[in-house]
Amino acid sequence: MATEVLWWIFAVATVLLSAGVVFSRSVLHSAIFLIGSLGGVGAMYVFLTVDFLALVQFLVYGGAVTVLILLALMLTRTDAKESLNGTQAPWAALAGAMLLAILVSASVAVKWPGDIDDAPTTIPLETISEKLFVDFGPPFVIASVLLLVALVGAIILARQEEGE
Amino acid sequence: MRDYALFVPEYIAAGWAVLVIAIELFWPKVRKDTLAYVTAAGALAWAVSALFYIGNEPESFQGLIQSDNFTTYFRLLAAGIVAAVSIMSANYLRDRTKTAGEYFGLLLVAGCATVYMAAATELITAYISLELLSFCLYILVGYLKRDNLSSEAALKYILLGAFSSAMLLYGMSLLYGIAGSTSYEGISQGLAARDQGGTDAGIVVAFMLILAGVGFKVSAAPFHMWAPDAYQGAPLPITALLSTLSKAAGFALILRLFSLAFVVDAVEWRWAFATLAAVTMTAGNLLALQQKNLKRLVAYSSIGQVGYMLVTIAAIGYGDATVGVNATSGLLVHIVGYVVSTLALFTALTAYYNKTGDDTIVGLRGLAETQPFLAVVITASFFSFAGLPFFAGFTTKLLMFQGATTDELLWVIGLAVLNSFISLYYYLMIVRQMYLFDPIPGMVRFRINPVMWVMSAGLMLGVLLIGIYPGPAFKAAENAAKPLFQQAEPGVAARQP
Amino acid sequence: MVPLENYLVLSAVMFSLGVYGVLARRNAVLVLMSVELMLNAVSLNFVAFAAYLDPERITGAIFAVFVITVAAAEVGLALAIVIRLFRNRATSNVDEAAMMKW
Amino acid sequence: MGAEQAWLLAAIPAGVFFVLALFGRYLPRGGDYLGVAAIGASFVLFFFVAADFLSFYDFEAHKTFITESISWSEIGNFKLRQGIHVDAITIVMFAVITTVSLMVNIFSVGYMKGEPRYYWFFAVLQLFVASMLLLVMADNLLLVYISWELVGVCSFLLIGFYWEKRSATEAAKKAFITTRIGDVGLLIGIILLWKETGTFDIQQIIHAAEAGEIGQTYLFVSIMFVFLGCMGKSAQFPFHVWLPDAMEGPTPVSALIHAATMVVAGVYLTARLLPIFEAADGALLVVTIVGLTTALLASLIAFAQTDIKRVLAYSTVGKLGLMFVALGAGSPAAGLFLLMTHAFVKALLFLGSGSVILGTHHNQEMDKLGGLWKKMPITGTTFFVATLALAGLPPLAMFWSEDELFASVNHEWGLWALVLAMLAVFATAIFMVRLFIRTFAGEPRDRQVHEHARETPLVMTGPLVFLCVLAVVSGLFVFNGVGSALGFPGGIGEFVFLEEPERYAIDWTLAGISLAVAVAGVLIGAYVYWGNSLVRSTRLAEAMPRLYAALRNKFYIDEMYQYVIDRGVLGVSYVVSWFDRYVVNDTGVDGSAQVTGYSGSILKYLQTGRVPNYAMAITLGVVGLTVAGLLVRA
Amino acid sequence: MTFDEGQGYAVLATLAAPLLAALILVFIPGTQKMAVRYVAAFFGAVMLGLSIYVFVAYQVDGEQIQMSLKWVWVENTAFLGKDGIVLNLAVDGISAPMALLTGVVAFAGTITSWKINYRNKDFFILYFILLAGVYGTFFSFDLFFWFFFYELAVMPLYLLIGVWGSTRKEYGAMKLTLMLVGGSVLIWIGIFAVFNEANLGTFDMQRLFAAGNDGTLSPTFQKVFFPMFVVGCGVLAALWPFHTWSPDGHMSAPTAVSMVHAGVLMKLGAFGIIRLGIQMLPVGAEFWMPGLMVLGVTGAVYGATAALTQRDFKLISGYSSVSHMGYVLMGLATMNQIGITGAVLQMFSHGVMTALVFLMIGALYDQAHTRDMKDFGGIAKVMPMWVVFYAIAGLANVGLPGLSGFTAEFHIFVGTFQTYPVFGALAIFAAALAATYMLRMFSMVFFGPFNPRWKDLKDLTPLEAMAGALLIASIVVMGVWWAPFTDRIGTTVAALPGVVG
């Protein structure tokens, strides 16, 4: 019962924070809401008993990504006071709502197979690591190449060349 | 099974990528065209090593990656594209950037990513390969850093790419939920075992989201809008890469995914492919009518081409395994024809662009006077796109549509043929510029780089060869297509509505 | 207990909010943040499915790991491009980066 | 040399045509001697053919003919044969054609001397004659049509010989197109007949028609179509308009056209197919009415014309009408006899007028002539004889033929037709006398012209004399005695006939009336026009100004045609062209292209260049597809 | 590769000659203009000789399809079964005269193009490719290659007209190309459908013909797709109302292209209707032929009417082509032996005479640079030979007996009367209109007072005269002695499905 209440609290908070990200009138606020929102998701992982992922979530998102984003925000700051929303925002809301309706109906309508006990089971870290490195070796290798590529790309794109 | 020998060619390619980057790292003054030729040599080595895999028994790496003729087919294709694009880039980059090692390295990596997209038989692998390819392309599109258009193109591409891959992922997650597996075979079985009671909104939503994701990759309307901008902003050889490698990879992924995993529930998605095909080809060709920039025009025309190709995917959904093999063979051979034509076109355009720096259509005025050979190559490529005989486009398109013809799809095929008729108009408008008008004052006859000349000539001969004697290419395509449909067990045959 | 659907609906809401953000926001960084929301929703989905459905109870979680990886790398790369554009054009608004159209 | 080789008659001139057309310009004197020789050869050969034919002519059965044909092409059951069919009608036509064209050829040597394209004239003349000869010996309707058209094109070339003159070109065009419209009917008729009988062979078709194998209505319609062709070629109302204009050609050509080749083709074909006309109820009546209408109309118009050749032309139209009247009366003998005598007389008249024209240095307006008899005695004399012959005075040729005509008309249709026919003859007599008086008698109206006038050389007067003799004696062929002497006992009436041979016997009442009419006509004409004064005729004209104007303007038929062509045919053409350009092309073809392009130019604005819009497209795409998918599944 | 009696080589050679010519020309430098001309003329003569050989060697009483050559291209791959795609060349009684026509017109066009000086190498390359397409279409008995060559024949037209043409050439070239390709779009769709419906895994036309006859292609299917083939091919045959490219295209095209285009290419359309329509879809043909008849008659009368008031030579010829091709379609629509034979005869006849007409127009236009008939008058004075040649062509056009036009039209009329007498009568009426517009042109241009503005016009050059003489010879031979043609055509036509004897 307690779990449920807690879950609802976190769930509502996550939604609100996510809404804050997209509705906030300040760039900086958005970024901060994002941290919260991502943290909420991390909490969900805890509820789902995948602690490892929660950890990753907090580290990668809460740490690296948000810092990166904040940095970028600083770097691209302009003095001009301008609206954060584009002209099509109302339509965007409509589209989002439609999509939401579809996704929710899909989530609810499906009778998910294998959903036997209506409860998550613990996923131990060892299994994850074994899966990740043994069963999913190739994607892992590719992912590492991907990271390398992203790294190289970020460097060559962001590097300031002489004359700039 | 963990047979690491299955990927020797990719080891070569990736190793060569590192080598190229290293060469420039340690020897910064190396001529950029030398790097290009080194890369091309690597791609050729890659291709040669790939030749040893032709006809091998299908073999799977842990159920994640499948090495069969289909993989080999795309391996050769990717190697060829990379080789051609790197040669194309030789002079282009020399004049425009200071560093080029990463550029060529990324080309090779993109090639490898393509191969894995074709080889993947599992969603995670497929997804990660797709992202790898996308990352390479994001960077390559924005490679001309000081060029505003290049940066803008990269930004649009990456933002929309991320957005659409989120869509794709959401679809994959729903699918995973429904089928309980991420391997294609598992998905297939999961879908087959699925309870059929009631309206199954989940599967529809999942398929449509995935469709949006892969549709974005191959730039199918209405997910195509990034393409013209990215094509226009990208460096010219990368535009070639976008319209060849990226599309080939997208179709490779779609082919394996839909023929192995999704064919069970074809009834849920086949109509969508037919619709997308119709919308895409019409939009692409109508929009191309009004273009003034060559790269944009090629972008729209390639969107039109994608529309044609999508018909075959719909055909896989509508027909049985036989139709599947037919349609897939047609699609594969058409991809080759399309790729060769596109490469020929871009080789010529790059040679021309290196000389003039002009990428508008009117810029081609009087090319038949100033550089008749290029005019011939460009004309041949456009005629090939339009599907005129003697050129690859005619034969491959005919074979593809013929393979894809089923009773339900005849209307789309009719529309496709009609569209290729519309496309003839704008191709002819370019031919008109080249042949019917006098050159811009001041333009005189010029020479082009002999390497480019040889490559243009070679590619044009390829276009002619495929157009006149498609037998071997078609045979190869069929061999590549067969593995996709051999595994379909009788019990997992497509459901009929 | 919390049923699976709850997670799914939560994820759907987050995803849709992310979509709204991408569609409505002008600043490229904000757009990226919205994309992150979407990707997180996806991860949540995967993990939820993994926890509830998968007999082996694991693949979804692995997928989530990859998604997180890719998302992080994507942010890095995208921000580099944003900064690049900002340097060239002194703006990071996506609707102003429209030199190429039609 | 037997009748089987009659095709040589046509082949020789045809061969010479090719020689002259290709090499004539390099030959001395343009090769005119070749032309004369060719026609001469045909003329001579004709006697051999005729002799051969008569030698085995069965005077008991009277149905003798000679047929020779070869297979031409074969498509399944559609077998075409080409060949010749020589019978009495053919022999008569041979006689007329070879004789007249030989005379014309000889005459032309003098008349055309010094003209440009001299060789070309002779070349076409050969083809003209050859086609006509082929026409009369063709054994099937297809060959008839072929030669028929060849005759038409030759007439086009010859009428338009002076192509530098706009009027000549126009006349040629008019002749060709007018007859061509008739030919539409002819071809339709031929094919209709073929459709029912499965053959083009004339004798087989006649046989089928007589045996009643063809439905009455069908037969009537088909033969009327064929008759349209005959009307066009033979210048029957309302197709007569081309013939008077055809005098724009060189005068010898006019002689040939009016006498022997072109216009008689229709008469010939009608005579040839007369059994079919007989078999089809009412067809003969149509022929008669057309003939009478034409005869009267033409005779009236001729009164008010002042050009010598034009007057003669209308007289030809009138006489052709009478020939049809004769055929309509069911008497091929009368028709062909009239044809023959008229041919000699009319050839003589035209050649005579040609002689006048040459002698007066190309003057053919009666208003400027007059008093030429003294200057041109031979021409004048022969012309005088011909005038009287045409007027129908005995014992000149046409008296006999017209007498035969009257007899058969009276026999077939009775009084009304007879009166009308006589009226036409009467009118002819008047205006012929007018013509002669105003040209040869009285005082010269134009001194200049008169002083320079002189008699023409022998090469021209020779044919005149020869034809003059024929104009006098050819009427005698109708008599048994003459016929027997020449090898066809019973005269022409027993030689050419439809069902029963009939021997000519003078019906004194008819002959008397006929004579009276002719004499009255001559006298009235002489009274009105004598003495070179136009006082009486002018008074006559002023008494009925509207009638005179109508006659002078040929009843405004040309104007009517002009109106119909300008407003009708060309109007339709303009409408069609407009429709083609603006509706089919600009709206249908270009329009659809423009709509396509336009939709492209509208659609391209969807591509705004802004990322949010693009993302919106993706989202809406997903939503749309999903909703559609759910609806499809639901 | 199999040949029957070695004569397949002749057919192959005929097809290969223009391709070889194009290939050789590629390697001749563009500056060697005389060399280009000699090579072109040589191959033109070779093609003429081979065409005559093919025509003569076709044995009248032999099998329908002779001199066949089979060269398997793709088979047993994916949807292609045995004999999937075969380079299957052969000649039947319809394609034999068509080959002859191509040879004659091609040779005439080649030597007419002697005077082209601007990039004549490129011109001849495209020209020979076009001819290869034409030959290939006539000879192919494989649907794939049939369509391949059919398209090939259309392809070079854009450049040929666009670069070497005159008078609104861009518009004319674009419209012509698009309309023709638009037509082939329909054919293409039809080919897909037929292949799919027959489900034989082969493009072999003879097997597909058999499928059309034995009901493998269902009657409903045939009725649906027959119009597609007919309209598709009909565009090229100037089927009303898809004819508007003809006046404009011909107005723009250079002489030799007009000759080949009007002379031969338009026949491909009618040929396609025979091959794909009548032979492959006999049930559909039977069902739809009255409709085609109506369109044919409309075209015949409409073209002739529109030609009456034109002032441009080429427009007259363009519209008269519409009219004459209307006859061809009528002949085909009769579905009887005489009518269809007549249609094929008309294809030949119209080919040679139109080629002659365009040759003459070109000879005048090259000097006068105007084609407005009102500007001329009395041209016979300075160009007598030209006038004679033109007049012969014009009279053949009019249907004058003794010239080819009559032979053909006569058979068509007879055939039409067998089934549709009223339409036959209309067609004959249209022939009279033809006389009207032709003579109107004669009298405006050839005759009448001489306009001294044209005193410097030269008569035909010897080369033009030679080309013209060749065409005239064909016109006259067919006009006088048509048995060699009808023998070949007639038997083959009789074997067409659904054709009444």
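Chains: A, B, C, D and E, in written order; residue numbering restarts at 1 for each.
Methods note: a contact is a pair of C-beta atoms (placed from the backbone, for glycine too) under 8 Å apart; a residue touches a chain by one contact, two chains touch by 3 or more.
Note that the structure is predicted; figures quoted are calculated from it, not measured.
The minimum number of touch steps separating subunit A from subunit E is 2. Between the chains A-C lie more C-beta contact pairs than between any other two chains. Chain centres computed from CA atoms place D at the largest separation from subunit A.
With centres computed from CA atoms alone, E is the chain lying nearest the middle of all the protein shown. In terms of their C-alpha centroids, the spacing between subunit C and subunit E amounts to 63 Å.
In terms of their C-alpha centroids, the spacing between subunit B and subunit D amounts to 77 Å.
Separating the CA-averaged centres of subunit A and subunit B is a span of 31 Å. Distance from the subunit D centre to the subunit E centre is 38 Å, each centre being the mean of its Cα atoms. Contact with two or more other chains is made by residues 86, 88, 91-92, 95-96, 99, 102-103, 106-107, 112-114, 136, 139, 143, 146, 150, 153, 157, 164 of subunit A. Shown for subunit C are the residues in touch with two or more other chains, namely 8, 15, 18-19, 22-26, 28, 31-32, 41, 49, 53-55, 59, 62, 66, 70, 73-74, 77, 81-82, 84, 94-95, 97-102. Shared contact sites, meaning residues of subunit E that touch two or more other chains, fall at 178. Under the touch rule stated earlier, the contacting chain pairs are A-B, A-C, A-D, B-C, B-D, B-E, C-D, D-E. Contact residues on subunit A toward subunit B in their complex (touch as defined above): 102-103, 105-107, 109-114, 135-139, 142-143, 145-146, 149-150, 152-153, 156-157, 161, 164.
Considering their complex, residues 322, 325-326, 329-330, 383, 388-390, 394-395, 398, 401-403, 405-407, 410, 413-414, 417-418, 420-421, 424-425, 428, 431-432, 435-436, 469-471, 474-475, 477-478, 481 of subunit B touch subunit E.
Chain contact summary for the complex, subunit B toward subunit C: residues 123-124, 127-128, 131, 135, 138-139, 142, 145-146, 148-149, 151-156, 158-159, 162-163, 165-167, 169-170, 172-174, 176-177, 180-182, 228-229, 232-233, 290, 296.
Residues of subunit B touching subunit A in their complex: 2, 14, 21, 61-62, 64-65, 98-99, 102, 105-106, 109, 112-113, 116, 122, 124-125, 128-129, 131-132, 135-136, 138-139, 142-143, 145-146, 154, 170, 174, 177-178, 180, 190, 193-195, 197-206. Contact residues of subunit C toward subunit B in the complex are 8, 15, 18-19, 22, 28, 31-32, 35, 38-39, 41-42, 45-46, 49, 53-55, 59-60, 62-63, 66-67, 70, 73-74, 77-78, 81-82, 84-85, 88-89, 94, 97-102.
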